[in-house]
Structure formats: structure tokens, C-alpha cells
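Heads up, the next two complexes both have chain A, just with different partners, chain B and then chain C.
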Partner chain A sequence: MSEKHVDANGREALTELLFQLADDDFLLAYRGSEWLGLAPHIEEDIAFSSISQDTMGHAAMYYQLLEHLGCGSADELAHARPASARRNAVLLERANGPGHYLREPRYDWAFTVVRHYFYTQAKRVRLESLTKSSYAPLAEVAAKIQVELHYHLLHWHTWFVQLTNAPGEARTRMTKAIQDVAADFAGVLTLGAKGTDMVRCGLIDEEKVLTENTIAALAPAFAEVGLEWPMPFGMKHGNGRNGEHTPDLDEALATLSEVYRAVPHAIW
Partner chain B sequence: MTNEEVWKALETVKDPEIHSISIVELGMVEQVDVRDEAVSVCLLPTFLGCPALDIIRTRVEEAVKQAGASAVTVEFLRHPPWTSDRISEAGRERLKQFGIAPPPRQMPSGAWQVECPYCGAERTIMENLFGPTACRSIFYCKQCKNPFEAMKPVLISG
Partner chain C sequence: MAAMMTFTRLSNEEKYERFMQRIEAGEKIEADDWMPDEYRMTLIKLIAMHAVSEIMGALPEKEWVPKAPSLRRKLGIMAKVQDEMGHGQLLLRVAEDLLAPLGKTREDLIEDLLNERLKFHNVFHMPAPTWADAGLIGWLVDGAAIMTQTNMLDASYGPYARALKRICAEEVFHAQHGESIILALAEGTKEQKEMLQEALNRWWEALLMFFGPPTADTTGTSKQDITIKYRIRTKTNEQLRQDFFTKYVPRIWALGLKIPDETMHFDKEKGQWIYRQPDWEKFKQIIRNNGPKSQERLELRRTAYKQNAWVREALSAVRTAG
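Now for the complex of A and B:
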């Protein structure tokens, strides 16, 4: 499918997919950036902010593809769309924990590690599929992102295994976090209402294939730490692909778009 | 203006974060086109989130204009992906001069071994996979007891 030969359904499926990809990375990068200065130690602060910066860069690439398709400017798409127009999985918008970035943040590191590890595995599987996408610009972007993701995966895998195997409260907290993340993880794996069209146009593999491959990617780590597989995955807080979101997203959008709304023409 | 003159101008454009190495040595320049006095330069971004890309764009425009072009367009290509094996031999030496170990030529599965850029020792350990910029990691030399940075290998696996 070249840019010229996208039929109306195909085009809608394509933009829908791009919004899912862009919003997923954008929201998780934002949640990651909220950890700046709060991570468990200085090395992690550097590593995590680097990962969040990469991830924000990935979101920007998808927003630029949408800009090329005439959906609006990348900045506007990232900052100005209301929660109801967002297509990210609810898991990725959820706050890092109780409290506020500036006032008594009681962020949950176990939840963060599990969320990032699960999402990064799902993202790797999705990218592998996207490198074969019928929409060439998307396939090219996916190949580029794929090489960077290798390091994110190494990082989160290390944390996941080390914390889960650590004595004391760590294993209990990790086990709880795994249940918590699994309860919303189906929302990451779903392609939403336009999924069938996406597959028909050869944009991405079927949801079922992506899910199986993601489970296969996560399973060795569970064997490594000797934990039961947390199946089945759910969508406890709603399906973000359909525009269902939580108040956490409203709060995130209000904060991250504050400068943009105040000075829409500012140069970044 | 000739193609050669443009490449020469591009050699003066250094990486804003590693002043010893040029964007040519880094392998960021994919294509140069000269039509009359209008020049177009296609670059490959190293890391997507890299905040230095806009600075590089401006510096390329300035350098090529100074060399005699009347108009310069700079484009960042999505394809092919930049990989660390595009860094030239000269580039690898320049990294060392800056105190940064060049990337290994093979993609490692976990932590990798590098030579200390200061004393050449192989007794080094990785302290942090992530360094001060997206493309660097932090190492420590057990021989000369210096911390140093190493460029991450970015290669297409398989």
C-alpha cells in the first residue's frame, strides 16, 4: 500500500493505528519523565530519563507520520487532543502511584518496573510486525525504533528479575504489581474496533498473533523468577483504544499541555 | 559548487555533544545533492529522541552556505536506520581522543567489553548502560581507575 493507494477504510485504519502507537509511547514517556529526580538511585535517574527521552522521540515519529497524512501538526496532535480523542492503552496513562510529582510523591517502583517491562516486550513484538507493514513509512520508522528498543528491554528485564528474586518485601510487591498490570494489559494488546481493517490492509499482524508472541516473549522471565503466569489479562479500567480513559489521563494532559496551551506558537 | 566542496564543509560540522567528531565521521551523512547553487543534504538521525538534531540541522545550513551555497535544505531520513558501524576509522580515533570508547563491532547480548580510552586496559566494567546522552554508556577502568564513557553499539540484529 503506497501513500497514493489507500482506500477510505484503509486510511482510517492507518490513522487509527498511528494514534494508538503515538499515544502509547507519548503517555508512557510522560509517566517516565515524572520519575526524574525520584528514581531509586542516581544511575537509574540517568537511565530512566534517557529511556523516556527515546520513547518521547518514538512518539514524535508517529505524530509526524500523522502530520504527513494531513491530520494536523505533530505538536498539536501531541498536546491539544482531549482525553476522549486519545487512543493509548489505559495502563500507560495510570499515575505512578499516590501523591503528586511536586507534593509528596509516593510513587510505586514495582508497578513502574512491571508496567515498563510488560509494555516494552509488547512494543518489541508489535515493532517486529510493523517492520513488515504494507505502509512503507511506518515499516521504516519501526525498523529505526527497533534498534533503540534493545537497550530498554535489557534495562527493564534486569530490574524485573532482580527485584522479583530479591528477599524481603520486594517479591511481595512485585507479585502484587504483576497482578495489577495484568488486569489492564489486554488494553495494550488490543487493536480496537478498527483492528480487522488494519489486518486486512496488511498494516499489522492480527491481535491474536501479537498477543501470543507477547506472551511467548514474557514467559521466560516468569520461568526465571519462578512465578505463576498471571493470565488472563484484562481491561479493568476500560479500553483506551475506544476513547475510554481514567481521570489520571485528564490530570496528565492538563499538566503536560500547560505550556502549549498558554503559548501555542512557542518554538520547542 | 561541487559535491566535494559540500562534503568538505560538512566535515567542519561537529557533533554538538562530542566536539572532536564530525557528522561525516559519525556516518550521519547519507546523501548530498548539488543543483546549481542549491544544495540538499540528507542526514540519518543517530537516536530518535536526540535533542541535538535541530542544532545539527542549523550548523549544516550555516556551514554549507558559508562554503558558497545560495540555498540549503537539510532533511533527516527515516531510512536506512543509522547504525554504529557507520562510524569511520578516523571517527573511532576521534571518539577515543574525547575519552569515549568506540562501539564494539558486534551486537552483544548483554554487557560488553571495551578497552579503556585512556590507558588501553581491558579490565573495565560497565557501570551504567545509559549515560549522559542517549548514545553513550558509563564504564569504569580498573587499571587506571578512571570512569569513562563508551558509545553504545547500535546494529541491526540477525
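Now for the complex of A and C:
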């Protein structure tokens, strides 16, 4: 899609898609960064913070694309938009568990592993489609991100299989986490209200195709751990693509933008 | 082989003498080499403390990772804190080799930290309530760390010296990351400048304490004489503090900041900086985990440790089965 031939609907669909992509990665990178210093062991702390850093970098690239489209500066888009304007899936904004990242963090590692594993599979499928996007700058960014994603996937797949196959408490916790993530996973897979326009403009494949490919990507892991497929996926806590969110997002945004908002118009 | 056979037949005094000759000739000691117990125990204490300090050092900055005020700053501080954890891991491995003959592992070190048998560096017990504190940690705390670590780059213990080479290279980037945050604040709005001055006021005493007491008389104990004897380090605590002043005091002044010590000046005749001593009684409290944030930060790690107990169990079950 060259800039010249974009109709109004096409442009709206494009920015909508970019907001989904940017907000998804921004919120999950944030949830990941809350784990800093709290992961199960030090090697994991290093690996996980590297993944969160990559993911924040991906969000920054998408916000940059929006900046180039005249939607505002990347920092403003990341920090100043209210929850109602956010397009991330609700699954990605949900807290890591009870407590706060500085006080009594009773975080759930099983939920974190399953959420990251499921999301990373969906992200990989989505990126593969985006490398063929009619909007060339997006296709280029997708190709760059794909390179890093291979390692993320390997990482979360290893955790997913190891913990789910471990006897006793671990398997119980993982099974529960799978149900919990599945209950909101449809919110990751949906393209939202402007999905049809996105597809019509050749920005990304149809939701149905993306969903099928994601399921096909996740299925072998379920065979590996000998668990029933957790269908159907739901949107238990709302459809974030349409601006429906939870109080967890308000809290996240308040933290993410605390300093940004502290001194208006300052350069940091 | 013959040389080794001969060495094993030597008395402990002769071994000690050979050992001292080696380090005085600038040779490096490796993990499997013979070493006096005092040398091993000094290294374990030093390196284990350095390792857990890197890990605990991530916590004052942790608060500011999500709060960093722009995407660029978020990425910068994420990378920085990740490096610190990496240093912790690298150093734990070095400590682990030294611990092996004692039948201890790094699991034990982490437990020692949580049970307060192993202490972490005094500077990481301090609060970091604003973004300027995060910048100041990067600029001056990491700047101070570069000085103490450069002082040990030629340490007689090879594995530690090699780890420090890598760590110092990364610390230089951290100091630049911190300096860049500080410059933006120093050139910023009135609020930003105030935030920066307040952070400096808060951290000044901790920065003086960073290098440790001038002599053992100040606080009752100091390992500096032993570490110098064994060629682990070359300069004394006071020499390092003076080097720090020489490098940073003019820079702090150049930014228009006030050092919260009106006596601070360079005495040309004596060739040294004159400054007001920090409260070394407070220092003694801090290193006993009675600093302002000691217990809160330990509690954060203890909570996580308990919370993740099932993960460690699962992993050890997988290992046993495999």
C-alpha cells in the first residue's frame, strides 16, 4: 500500500493495527519488567529481562511507525494515551499476580509462562503475515522483529513443556494457568472492529487464518505435555481491541507514565 | 608432573612461600591451584559479596525501569539492570569454584544472603525515591564502582581479574547512561534541576561510604590490608575516595550542583581533597542490614524466593528424572 493510494478507511485500519501491535508489546514488556529481580533463578532473570527489553524495543518500533504517520510522537503515544484509547489485548495487561512489583509481589510464574508462550506463538504467526503486508514499512519492521522472536519462542516453549511435564504441584498450577490464559486468549487473536478493512487493504491476513495458524503452532506442545486442548478461547475480561479494559491497565499506565507526566513538556 | 609431585611434598610453610613468590612475580592463581586458606576465604568473602551486591543493586533501580520517562530511557535502564544481573551471575560462578572444596554451592550463597549471613554493599541499602536517583546511581555509584573494580583488574586471582575486565567494560556504558540522564536533568526545567540537587544531597554521604572506612580504627574491621598483601587490590580505601573526588567533584560543580559539604575543597599543599567524614556509626548499622531499605529489599527477594519454591522443586524433579 503506497501512501498515495490509501483511502480514509485504509489509513484508519492501518493506524488501528499499529496501535494493537504497539500496545500489545508495550504492556507485556511492562509486565515482564515487573519480574525483574524476582524470577525463579538468576539465569532466568537475565534471559527474561532481555526478552522484555526486546519486546519494549518492538513496541517502540511500532510507535515510531505511528509517529511517521503523523499520529503524534512515539513517546506521547506510549505514555500519554488513556486506557480507553489503548488497543492491546486484555490478557497482556493483566497483573502478574497479587501484590505490587515493589511490595509483596505474589506473582504467578505459571501464568507468566503460559501467557508469554501463547502470546509469543500468536505474535510469530502475526509477524509472518505482516512480512507480506501491503504497507512496506510495517513489513520491514516485522522482518526485523521475527529474527529475535525465534529465541523468545524457544525460551517459553522450554519452560512450558518442562513445568507442565513436571510432577505434582507444577502440573496442577500449569493446567490452571492454561485455563486462565485461554479464557482471554481470543482477545489476542481478534483484529477488532476494523479487521475487515485491514484485510481488504492487504495489511494482514484474515483473523480466521491467523487463529488457525496459531492453534496449529500451539498444538504440538499440547501433544508433548499430554493435555486436552483448552478450547474455546474467550474474552472473559473484555475486548481490548475495542477499548474495553480492566483496572489493571489503569494501574499499569499510571506507573509507566509517572515520571513522563511529572513535569509537563520536559525533556528527559 | 614431577614438579607437581615435588610441590605436594612441600610443607605448608614452603607452599605458602612459593605462593607468595608467584603472586609477587605477577603470576595469576587459578581455581585449582594451591592457595592459603586465608587467601581463599578472603576471596570468597569479597567475590560473594560483590556478586550479591550486583543482584541486590538491581532493586533500587528496579522501581525506575517501568517508570523511565521515555521509550529510549526505558530501553536504556532495562539493558543496564540486565547487565547488573549478568555480572551477579558471572561472579557467583567465580565464587562457586572457590567454594567447591568447602562443599558449598551458589544456592548456599543465595540462602546466606536471604538469611543475612552474607551482606551486600552498603550503597544498595539506600532509598532511590525519584528518577534523578536512578540517574545518579548510574553516574556516580557506577562511577565509584568502576574505580574500585579497576583497582582489582590486575588481581592475583585470575578468574576474578578476568570477570572484572568484562564487568568494567560494561560499567563504562552504565556510567555514560547515568551521565546522560543527569545531563538532561541539569539542562532541564526548574523542577528537574531541583530533583537532581535533592538526589545528590541524598546520595552524597552514601558515596563517601561507598569506598569503606579509611582505616580499621574507624569501624573495627577492614579487609583492605589483607587484600593488598595478597595483591588482590593495590590502592587503599582512602586513595580510591580521593581519586573519585578528583574525577567527579569538578564535574558535579560544572553542572551547577552544590555538594552538601561546605568544607569540600582541594588542598594544593597536601595534594588532597579535604572533606567532612560521613557518619561511620551509620555505616556500621547499614552493613548490618539496618539501613533505610535493607529489610524491605531483602523481603522482596525472600517473598519471590518463597513464591517460586514450586518452580525450583519442579526443575530439580526434571533434573533427577533426566
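Simple rule for what comes next: the second predicted complex is superposed on the first by the 263 of 268 C-alpha atoms of A that agree within 3 Å, B and C clash if a C-alpha of one lies under 4 Å from a C-alpha of the other, contacts with A are read in each partner's own complex, and residues count from 1 in each chain.
Here is the rule we use: a residue touches a chain if its C-beta (ideal position, glycine included) is under 8 Å from a C-beta of that chain, and two chains touch if they have at least 3 such contacts.
Note that the structure is a prediction, hence the values are computed from the model and not measured.
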Chain B versus chain C as contact partner of A:Met56, first or second or both or neither: both
Which superposed partner A:Arg106 touches (first chain B, second chain C, both, neither): second
Partner chain(s) touched by A:His155 [first = chain B, second = chain C, both, neither]: first
Winner by number of chain A residues touched, once chain B and chain C are compared: C
First (chain B), second (chain C), both or neither touched by A:Ala143: first
First (chain B), second (chain C), both or neither touched by A:Tyr260: second
Contacts of A:Glu43 with chain B and chain C, given as first, second, both or neither: both
Touched partner set for A:Ile215, first chain B, second chain C, both or neither: neither
Residues on chain A lying within both footprints (that of chain B and that of chain C): 43, 46, 50, 53, 56-57, 60
Complex interface listing, chain C residues touching chain A: 55, 58-59, 62-75, 78-79, 81-82, 85-86, 88-89, 92, 131, 181, 184-185, 187-189, 191-192, 296, 300-301, 303-304, 307-308, 310-315, 317-318
Touching residues on chain A, where the partner in the complex is chain C: 30, 33-34, 36-43, 45-46, 49-50, 52-53, 56-57, 59-60, 63, 74-75, 78-79, 99, 101-107, 109, 162-163, 165-170, 173, 255-256, 258-260, 262-263, 265-268
Residue ranges of chain A touching chain B (in the complex, touch as defined): 43, 46-48, 50-51, 53-58, 60-61, 137, 140-141, 143-145, 147-148, 150-151, 154-155
Residues of chain B that touch chain A when the two form their complex: 45, 47-51, 78-79, 81, 83, 107, 110, 127-134, 138, 152, 154-157
